[in-house]
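We call the chains A, B and C, going by the order they appear; numbering starts again at 1 in every chain.
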Amino acid sequence: MLEVKSLSKSFGGIVVADNVDLVMRPGRIVGLIGPNGAGKTSLFNLISGLYAANAGSVTLDGTPLDGLALHQRARRGLARTWQHVRLFPSLSVIDNLIIGARTYPAESLLRLLFEPGKIRAAGAAATAKARDVLARIGLPDAADKSIGDLPYGQQKLVGVARALMNDARCLLLDEPMAGVEGQAYQAMQRIVREVAAADVAVCVVEHNIAFIRDLCDEAVFMFQGRILARGSVQDLIANPELTELYFGH
Amino acid sequence: MDYVYSIIIQIGLFVILASSFNLIIGYGGLISIAHPIFYGLGAYTSGLLARDLGVPVPLTIIAGALLAMLASVAMALPALRISGDYLLIASIGFQLGMIELIKNLRFTGGASGISGIPAFLVPSFGRGSYVLLVCAVALAVVGLVRWIAHSDYGRAISAMRDDEQAFAALGRDAKWIKLSIFAFGSAIAGLAGALYAHYFRFVTSEQFEILMSSTILTMVVVGGLNTPWGPVIGAILLQLLPQAITFLNLPPVVLGPLQGLLFTGLVLIFMFLRPGGLVRADGQWRATGSRQGGG
Amino acid sequence: MFNFTTVAQILWTSLATSSYYVLFAVAFALVLKVNGVFNFAQAGLMTIAFYSAHAAIAGLGVSGHMALAIALVATLGSAWGLEKFGFASLRRNHASPMFVFIFTIVASEFIAYVAMLLFGTWPKTIFAQLFWPVRLVADIAISAWDLPAIATTFGMLLGLWLFLRFSRWGQFMVAVSDNAELAELYGINRRQIYLLTMLIAATFSTAGMFLYGTRAQVQPLTSLEIMLFAVLATILGGIGRIWGAAAAAVLLGVVQNSSILVIPSEWQGFLLYVFLFATIIFFPQGIRLPALKRRLAR
């Protein structure tokens, strides 16, 4: 479970998060919606540790994440995807996944040099897991392809797959559906449901309201760094004031 | 024959320097100009320990490499805690500051340096044996760099170079990786320095100044950043070229600058006409022995 | 040792000699702020400035003012070439910061080697003599070089400030330094601004080098050494803060010169590096890192 309490952040005069409270429970999918510039991605950046908050706290399964760097939060089971995918172009698809495992012993030069057996074993395990994840997202044959050879929708699926390698307790998905359609769309929906069903707390930032409606158990509406409303997706969508804020902007 | 041996040893030492520098700047993506000073620290440490304290040479060589490594960590740790840009600044300060320090300390011989460094291998086995030693070490270093580049560690540093933030968000400690690459590369430079000291037996701070940075940089850029063989080609070419100009019999006052002009001119030409260097790096990372080939 | 006259003398002299350091630091800081580049090629520009002035006087026998004018033309032309054929080209090819850095250092070294070939490595000065008449004011020796140097520096800083604050082009420069993409959306031509910044930096470098070369000896590699001072001042003053760099240059100059009172002279050079590391370790916050973006992306 991920708990955000009174989280605040401003850059100079710009407030990106204003006393935000949010809970993501295991097995539930929270939809984070709002117009552009509402602070949704900034909230993800604060939770994952890209920015340090000015006030407030973030706790994962009871462990406070405050003061922890990006990589330390990921190691405790917080995984995320990016709006612009951000896969590694110099690596093949499967290598992109392998590097996303929660622990990667080969990142230590000392271990590489002095524990070759352990490194080999970890590598084999990660490779097997990566193939498994690729099969789950419906791209079993994409393993050795280079990122540039994949259509955009598949790249986004690989981005999610990479996040899945973390065996995360909490998964933050930043606009997973943007630019995605057809088969990839179906695959993405299926994956997100499966992940939640495995008792992971999921939060999705999306503009695609149909996706939010089909998938999310609850929704949260953000505007100018504040949470204005929470509740079922139906209620939020039906609220005329929120619609005005969303589209009037 | 002695002249030829010296040339080969110089080439071998520069292959070691260029390869280790490539590890730092090409594979690690770290910008630093301080490689010569770690070379120098290795030379001074090994030379002084052997000459003044009578420590057996193989041990002093290891000590030289270790000291270079520790110094590099001391330099890089505060800088990398902030970012890679600070490493550049710290390296400029360290390179120049350490030279100043060495020139002013008495036990390093000040500006005159140290001489009478004990020889190694040569008295018992002749100069040829040292040539073999240096070549063996050079080959080992190149092989090691190549192995690291294609290992699981190499996968990590390739990803880190692509997008450091996305890399860190996966749980990878980019700062630690950068520090260890820097320390390892600098340790190898220290090793090369120690090897230099026990053959040429005379070391001064003048030999490790900022202009050596541009020599090593030229070798790596012209040879090819980010490939195991690029620096080797670069080192060989750029050690042989000056030898070729020597035969033009120009006065030394012209020879030195001409050589410098050649090196820097080459870098500029290559930067704009063939940025990949002579040995172009493949944009894709591949594991050792993978079907698509490695190397 | 610590009597008033000695201290006052050292303070005065260091203040006067920090004048050229201020000019170099401001030039470096300006290019860093607007163009987003650590322009180590400035050392090359400084070398060109000095040797043009020197050659004009030693070779053509012109007056000091003429030599300064010739040096200015040569340096401005070189800066133009550097920007048009160097930086612009690297920008077009989306060169990594690594490559840009290599380019700037190597360009300076290339120019140093050319200078070595043309002028040799023997130390040279702009005027044949380094002698400047000295006047005693309350027991403090004030050289006829000091006041013009300080006045020039002050005048140029004032000019730059007025330019950045009140002129259209100056405002454009500030806009580009803040956010180049946004500035372009407002119709500002980024390439022209980058060129302008380089030309201003060249002007400051020329003035600084003329001052330096009329007071001290110069060899082909001298400007690279002086550059370190400029880099250090830029960091201490805060990356992105031009006036901070200027202040830091004065402070560094005064501290380094005054250190003669407490440490042996051979350690004066080393002191600077101690400062550098102390800054990185203890005052990194004074250095605004997020401002340092990769502006050569497009």
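By our rule, a residue touches a chain if its C-beta (ideal position, glycine included) is under 8 Å from a C-beta of that chain, and two chains touch if they have at least 3 such contacts.
Quick caveat, the model's predicted, so the values are computed rather than measured.
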item: Farthest-lying chain, centroid of Cα atoms versus that of subunit A; value: C
item: Chain closest to the middle [Cα centroid of all protein chains]; value: B
item: Chain centre separation (subunit B, subunit C; CA means) in Å; value: 31
item: Distance between the centres, which are taken as Cα means, of subunit C and subunit A, whole angstrom; value: 47
item: Whole-Å gap between the CA centroids of subunit A and subunit B; value: 41
item: Contacts with 2+ other chains: residues of subunit C; value: none
item: Where subunit B touches two or more other chains, by residue; value: none
item: Of all residues in subunit B, those that touch subunit C in their complex; value: 25, 29, 31, 33, 78-79, 81-83, 85-86, 88-90, 92-94, 96-97, 100-101, 103-104, 210-211, 213-214, 217-218, 221, 253-254, 256-258, 260-261, 264-265, 267-268, 271-272, 275
item: Residues of subunit C defined as touching subunit B within the complex; value: 38, 89, 93, 95, 97-99, 101-103, 105-107, 109-110, 112-114, 116-117, 120-121, 224-225, 228, 231-232, 235, 266-267, 269-270, 272-274, 276-277, 280-281, 284, 287, 289, 292
item: Residue ranges of subunit B touching subunit A (in the complex, touch as defined); value: 148, 151-153, 155-156, 158-159, 161-163, 165-174, 176-177, 180-181, 184, 283-285, 287, 292
item: In the complex with subunit B, residue positions of subunit A that touch it; value: 48, 50, 69-71, 74-75, 79-80, 82, 86-92, 95-96, 98-104, 106-110, 112, 119, 122-123, 144, 146, 162, 165-166
